[in-house]
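Order as written gives the chain letters A, B, C, D and E; numbering starts at 1 within each chain.
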Amino acid sequence: MAENVPVLIGLVLVAVAGTGAVLVRDPVRQSFVLSLLGLALAALFLLLQAPDVALSQLAVGSALTPLMVLLSVRKVRRKARSERREEHE
Amino acid sequence: MNGWTAAGTALLLCGVAPAACATATGPVSRRVPAQNLTTTLLSLVFLLLAQGFGRTAYVDTALVLSVLGPAGTLLYVRLLADRLAARPPRPRSLLATTALNYVAVPAVVVPLCFATGPGRALVKLLVIGGLLVLGSRTASRAVTAAVTAGHGLAGSAEGMSDG
Amino acid sequence: MSMRLRLWVLAAGVLGTATLFVLACAELPGFGGTWHPYGDRAVHAALARHTANTIASVNFDQRALDTLGEESILFGSVLGTLVLLRQTRDERRLPPEPARVAPPVRRYALIALPVTLLIGLYVVAHGQLSPGGGFQGGVVVATSLHLLYIAIDYRALERIRPVGLYEVADAAGEAGYLLIGAAALLTGAAFLTNFLPYGTFNTLSSGGTVPLLNAAIGVEVAAGIVVLLARFLDQAVEIVSGRDEAEDET
Amino acid sequence: MTVARMLPLIVATPLFGAAVLVGAGRRLPRAAAEVLGLLFAAGTAALALAASAALPSSTARPVEWVGGWRPHGGASVGIVLVGDRTGLGLATLVSLLVPAALAYAWRYFDEPPRRHAASFPALVLLFQAGMCGFALTGDLFNAFVFFELMGVVAYALTGYRVEEARAVQGGLVFGVVNSLGGYTTLLGIGLLYARTGELGLAQIGRALDARPGGPDALVIAAFVLVATGLLVKAAAVPFHFWLADAHAVAPTPVCMLLSGVMVELGVYGTARVYWTVFAGPGGIPAPDAHRALLALGALTAVLGAVMCWQQRHLKRLLAYSTVAHTGLFLIGLAVLTPEGIGGVALYVLAHAGVKAALFACVGVLLDRFGSVDEHELHGKGRELPWVAGMFGIGGLALAGLPPFGTALGKAVTEEAAGGWATALFVAVSAVTGGAVLRAGARVFLGLGSRPPGSPEETTGEGEEPETRRLLARIPDSMLLVPTVLLACALAVGLVPGLRTAVGGAADAFTDHAGYLAAVLDGRTTEPAPTPAPHWTTPGVVWGLLATVLAGVLALLAVQRPVRGEPVRWTVPLRRLHSGHVGDYVAWFLAGVTLLAALLV
Amino acid sequence: MSVLPYLCAGWLFLIGCYGLATSRNLIHAVGCLAVCQSATYVLLLAVGYRHGGTAPVFSDIAPGSRPVVDPVVQALTLTDIVIGATVTALLLSLVIQIAKRHRTVDPDELSELRG
């Protein structure tokens, strides 16, 4: 049983991070949780003896996906902001 | 399960998990430093696990994370500059986070160095340690700079918040 | 459909799917079992071909067609993003203002850039030996270039990033993979056969075509992700619609 | 070069073409890029045709282990491509339709993305590679990879006209639902791998057969999950919602491919996976599979037909008719006999031609008049007699007018299904064909009165033409392509050689043990021969009846005041098709549950 | 413990679906889709795990010296991760265009396609 404790902790972290990523509704905040999910998955993969997959997940999950999400939010917000100003005038 | 694995697991549970909690909650000004702390600690976990599993090949994951982690943090700082400026973090908590980084890195890397012995693996370890320290130092500086220079920096072209 | 009805349908669906999945899990072989016939065969095959990293052998030799499909997906999605995030007629580019970057951040990013680039290349080059490979290394290489955006600003990044060249590199990576695969046909073997000498186990040149395919993927991924992020950055930083621009100037 | 050696090239050629187009794209003028794209697509078609022609018999299964990883003792580490008549035939169909779509799109789009003139043909070539790979592969995970390839490219192609609000929304809905389907398939693959330790279709099938006795929860769950992804592609109810949203907004040449072959590939995938993996003693018992497919098929056919009749947006109308016909295909599969499969195969071939031709006609209307709304276009089509003729013939062929291939396929399928299925086939073809004829009568003949619009539904007004400006003269390529396609659909019904070939292919397709032996042991066995599909008197009569009914329905509809459309009692049904991605995901999970419940 | 990893995969998939169905922001929805996909990673790798095994990477250990986990599922997961990243990119670019054309990213306010 003791052998399984690290994997168990990894699973719990992944499940919690995944749940958090769904329940956090604001995309900027969600991007933080998504990057955490990426990190948790990488840790779990290493514990499951898959360093190749962990590397991929790190590369994609910790930098690429959050960056794309943040850039999209920025574009969308910029749009929304100018819309609102327009209505204001 | 040997001591290294146990130490790695313990750090995962008692170090990474709380840092992750801090990243997932609260204002952006707390999330960004906490995110950096999370990646630093996770790199250390990877190092400990690599030693525990007896696989030097696994060290590459820590190496990659030690450069991608700070890069991610700096991107957050860059893209969320105005939010950081709007609610700056307390200097004391920022200091504490950085200090935690500074303490944790040598606390893990030094024993690992002794366990590894001289060789290529040692150089790799030291590089990772150096990158982690440098990365966390820069991250905290970047947050401070974004806060102080904040309002000027967060012009309309760079802004993120809805104003 | 009202939110209420949707939630009812969802609840029924979740309940049914969960039941199905849990029942199936109960029948699965227990976690951590020792029976992995395909995996064991794959390890033997990898060793027979002098490839130290079995995962690389599975990806680039035994199941190389999967990787071809995967890279085509990446290629297609880069192309798709290129098309979807194009600058349309009602939009124009507004050069971003130069950003002021704190000196320590600039110093770090300028040091980290070559280090990250080297680490990325190392991960690509050792793909057939240690964990890593074209995809992982390629993403790291692409990320390293974007440190310039952090270190200086977007205009500096644009200067070292002629997107057109990266598009060509992206296509060259995809074409290279196909040509290496087709080269096997000339020797009379099947498509994507590992036809080169396998080399000495655990050296950089071992594994026959594995390092070549790996390198092709590395080029494609690095170039593809640069192009992909370029489109997102363009949208987020530069491109504005006619109306936005009027707003920004007021 | 043997047939087996050619199989990977059918996938590799379009991929290489895409790479060349992107690599050289910045320097190529638009015309050169389009010619190059057409050449690569046609080259692939030539390869596929040559491979089909070189097959020694219609029951042969040339097998190519990519990378040369031939099996030893039935076990291999490689991926296999299987070029049996059905898979190769579908790859040929895809490869022929792609050049047709590219030829139709000749100088079509308003402005190609700046300095990316080659991006549209390159995307279409990738789409072609994905579909051909999916048709040819004999490996479950590899099928997933090609499934995702065609998905990813299709999302991008659907949203190609980014200035169109509806196009990008349809593309996103399509992307989310199909990706979710792909992930369920992968979960199913994971379950099968855990049970059998294999990934090849034949290997999994053999491993499952090694433990006979009814299926346990794991096998059922694996089948449900794998089939869900494929049925999402096939747009079976209740996974069909994305289809109308995506097909109504995609550029017309893309619609031709989506409706003509991609949806059918979902049906093919379901059938292939069932027959190779789950048809043995360790798989899903035939009565259960029959029940599930029949129920889903009947539901899909009825719902598709009802929704089809209610549409005034011509592309949506055609999209729902695709849903209805997919339902009929599923009913044909549900028979689980070579006769059913053979009928469906002929039906799919002819349907691809007819549906693509109809979309092509609608595309002409869109580019000439800037609208695809039945009421808005009322009477405007009088100046386009050639298009009118083709649209009418297409409608009749859809309804099942002999000797079109649709009629033959339908006749063979309904005969195999028997009983009440015949009534359903006649009703559904009459309604979908009638809807097309009704629209044709209004648009091209100006029959009936011109109605005021109602804003509650998706009308076809306010659509942007896909060309630079409204076309004053329709280019010959846009008229030639649908004509050729309709002629092909007619040929499917008339060429006797095709019927015998399809008959043999269906025998081989439904031969579970034969497939396993051919792939894993390299042993060829002849399946038990069944009579090839052929015209029968009842089939012709039912086909004529459906056509007449379609005509009557159309005439009745145009003579009644349009205020009655859409029919009141269908309003709740129409409200379910909300365009809301959350609704679609909820229905998706409900569909998984439904499928599982039907199998237990 | 013997089924826990599989159940974790199922949980991730369903919670992701829940998020998709109730999302009020399309960018958030794309993130939820990524959560759904992580279920497939967890399932595949859990299926290939072997107690006491190590990665079948023989750059630093001798072949045959230790039991190894299944390399095939790892290769599959790698492919899957690439697919996930590319799908995310493509869907986010569609969301950006939706924001431009519809001036909202709330699915409840998108009402162009009905019936």
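What to note about this one:
We adopt the following convention: a contact is a pair of C-beta atoms (placed from the backbone, for glycine too) under 8 Å apart; a residue touches a chain by one contact, two chains touch by 3 or more.
Values in this document were obtained by computation on a predicted structure and should not be read as measured data.
Shared contacts of subunit B and subunit C, meaning chains that touch the two of them, come down to A, E. The chains that touch subunit B as well as subunit E are A, C. No other pair of chains has as many C-beta pairs in contact as C-D.
Of all chains, the one whose mean C-alpha position sits at the greatest distance from that of subunit A is D.
Comparing the CA-atom centres of all chains against that of subunit B, the greatest distance is found for D. Our note on geometry: subunit A versus subunit D, Cα centroid distance of 36 Å, whole angstroms.
Between subunit B and subunit D the centroid-to-centroid distance comes to 50 Å (mean Cα coordinates, whole Å).
Once the centre of each chain is set as its mean CA position, subunit C and subunit D turn out to be 30 Å apart.
Centres computed as Cα averages put subunit D at a distance of 27 Å from subunit E. The set of subunit C residues touching two or more other chains comprises 6-7, 10, 13-14, 17, 21, 26, 28, 32, 36, 38-39, 42, 53, 55, 58, 63, 66, 69-70, 73, 76-77, 80-81, 84-85, 123, 130-133, 135-136, 140, 143, 146, 232, 235, 248. Each of the following residues of subunit A touches two or more other chains: 3-4, 49, 51-52, 54-56, 59-60, 63-64, 67-68, 71-75, 78-80.
Counting partner chains per residue, subunit B has residues 53, 55, 57-58, 60-61, 64, 68, 71, 75 touching two or more of them. Applying the touch criterion to all chain pairs gives A-B, A-C, A-E, B-C, B-E, C-D, C-E, D-E. Interface of subunit D with subunit E (complex): residues 141, 145, 148, 152, 155-156, 159, 162-166, 168-173, 175-176, 179-180, 182-184, 186-187, 190-191, 193-194, 199, 244-245, 248-249, 310-311, 316, 456-458, 566, 574-575, 577-583, 585-586, 588-589. Within the complex formed with subunit C, the residues of subunit B that make contact are 57-58, 60-61, 63-64, 67-68, 70-71, 74-75, 77-78, 131, 134-135, 137-138, 141-142, 144-146, 149, 152-153, 155-158. Of all residues in subunit A, those touching subunit E in their complex are 1, 3-4, 7-8, 11, 14-15, 18-19, 21-23, 25-27, 30-31, 34, 37, 41, 44-45, 48-53, 56-57, 60, 64-65, 68-69, 72-73, 75-76, 79-80, 83.
Subunit E meets subunit A in the complex at residues 1, 4-5, 8, 11-12, 15-16, 18-19, 23-25, 27-28, 30-32, 34-35, 38, 41-42, 45-46, 48-49, 51-55, 57, 68-69, 74, 77-78, 81-82, 84-85, 88-89, 92-93, 95-96, 99-100, 103, 105.
The touching residues of subunit D, when paired with subunit C in their complex, are 5, 8-9, 12, 15-16, 18-20, 22-23, 25-26, 64-69, 75-79, 81, 111, 113-116, 119-120, 122-123, 126, 129-130, 133, 137, 141-142, 145-146, 148-149, 152-153, 155-157, 159-160, 162-163, 168, 187, 191, 193-195, 197-199, 216-218, 220-222, 224, 575-576, 578, 580, 582-583, 585-594, 596-597.
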